[in-house]
């Protein structure tokens, strides 16, 4: 079981490394969206530092969304989804490998880049550990929830337009706890509650999402 | 019990049952709504804080209840459909979605109308209104997914999974929005819905709530009958009915 | 008496509103060659996909070694291999890399992959990305994957597509070998597949 998981993880990471645009584009998108805010609102430092947690979180959420459509689409187009579905290994475990790849390729670089954007938006330095921690837990959860939407829409020609409609409402709790975690840290408050809530969401998504993704993939592959 | 359930699950039997029930329920619905509205708008006393404008709760609150209730019906039907492959349950879920979305929209619109005299703005990021708005997005997503998959049986099962994913998320969204709201909301702003309500105000509210539920049943049964006819247009019993001109 | 592997009883399968397969029953036992015949649109691919549990049945049941599918899916998938219309090869990976990323317990070694490619008459460079290979060469990589799977039951959708005369003869030989060793092959094809040593069971589908 572990063998197939590792094989799939290795294959998808290799593929991602050979096509840099897959992970580079969402990252650039993330940076551009964040820079749009000071331009749109004005360079007022105190205002920017106040909205920074929300802006970074919304941008991270949108950037995660960008890579989601491709999560199963390539496999679907070239037929390797059939090999995935016909594997004797439990599909939900294989799905987890795909989601983990998505996070390593789209989520982790985002997390690593976020302190830089925090500086651009004049977020208080003391909030940066909270930003990193909340983004790690949050983007993992987003990848898991988003994979359900990706699996449901993969068989559709214009699934990419539908996907945000399906998953963005489900992203809202993560956005709420994530941005509030950063805002609390910037204000010098405790962030234990937010982090444990984010952790709770993550474990719930980890337990349920792979099953929903597996079922959705089997349905999408029928057509 | 199971046999009774199985009999009802047959679309033909359900069609006949719905045919008999619909006119009765329609009459009940008209009476409930008429009495409820009369008692709510004319008999119930004026609220000493909010004046006459509070009377919008007789539409707003039942609509908000319905928006959640219908989603629960959809989720339950989706489960029946996925686990027991009950086609009737899928039809009920399918026709319920636009109804639920309409009630959600009604709750939002009346909430916003109420907000003007109460808060002085058309839209206040109140916890319940925000949850209601997100619920509307979830309904829209469900309908969008369903309509964009050509293959009917694939569409039905994909939509059912989405409905179940939604039902797990709705309480989480509800509580997180409430949490977010208490975090940002200054305490001075009054919230929609008062915990203690006088009995003369409560009775019309309950009448209206019941009226809305019966209204949902009437429309849902009628639409379900239509979809049954559409899906089983080639079956013997539908053909026979068409020949005898009684649909 | 040979052992029954895959058994279908009165199955109905539809695509959209259209019922393509109606009340078909058949048994595939060890050492059997089973060919689906039919025009375009007669439901060959649909039936093959239904046999792989990729499409649900409207009616009837399919069982594997006596156990009902799709419940016994994991046992079944461990012993079958499917090559469909889409080849399932990753264009950015080389032939060998593609063969090594099959999702079974056993990952083939480089030598095994090269041997399998040789068996299928693959003459392309195994260190080139698959996207630059010709259709015929890609087909051969897919066949190599089938060989490496060590599956008992092969389900091949149009295995001869894009192959030249030499390739078709080669595929015939490989199928013959597999059947002689006690395996079974289900395939659909337009072209005649010349296999002399074994009787072929056919199922004709009409649209």
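For clarity, chains are labelled A, B and C in written order, and residue numbers in each chain start from 1.
Keep in mind that, in the parts below, a contact is a pair of C-beta atoms (placed from the backbone, for glycine too) under 8 Å apart; a residue touches a chain by one contact, two chains touch by 3 or more.
Quantities reported herein were computed from a predicted structural model and do not represent experimental measurements.
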For chain C, the least number of touch steps when starting out from chain B: 1
Reference chain B; chain at largest CA-centroid distance: C
Core chain by centroid distance, with centroids computed from Cα atoms only: A
Chain B and chain C: spacing of chain centres that average the CA atoms, whole Å: 49
Interchain centroid distance [CA atoms averaged], chain A/chain B, Å: 32
Mean-CA-position distance for chain C and chain A (Å): 37
Chain C, residues touching no fewer than two other chains: 56
Where chain B touches two or more other chains, by residue: 150-151
Residues of chain A whose C-beta touches two or more other chains: 222
Residue ranges of chain A touching chain C (in the complex, touch as defined): 3-4, 7-8, 10-11, 14-15, 18-19, 74, 77-90, 94, 218, 221-222
Residue ranges of chain C touching chain B (in the complex, touch as defined): 15-17, 56
In the complex, chain A residues that touch chain B: 148, 152-153, 155-156, 158-159, 162, 165-166, 168-170, 172-173, 176-177, 180, 197, 201, 204, 208, 212, 215-216, 219-220, 222-223
Residue numbers on chain B that touch chain A, as the complex places them: 134, 137-138, 140-141, 144-145, 148-151, 154, 157-158, 161-162, 164-166, 168-169, 172-173, 176-177, 179-180, 183
Residues of chain C that touch chain A when the two form their complex: 52, 54-56, 74-75, 77-78, 80-82, 84-93, 97, 100-105, 107
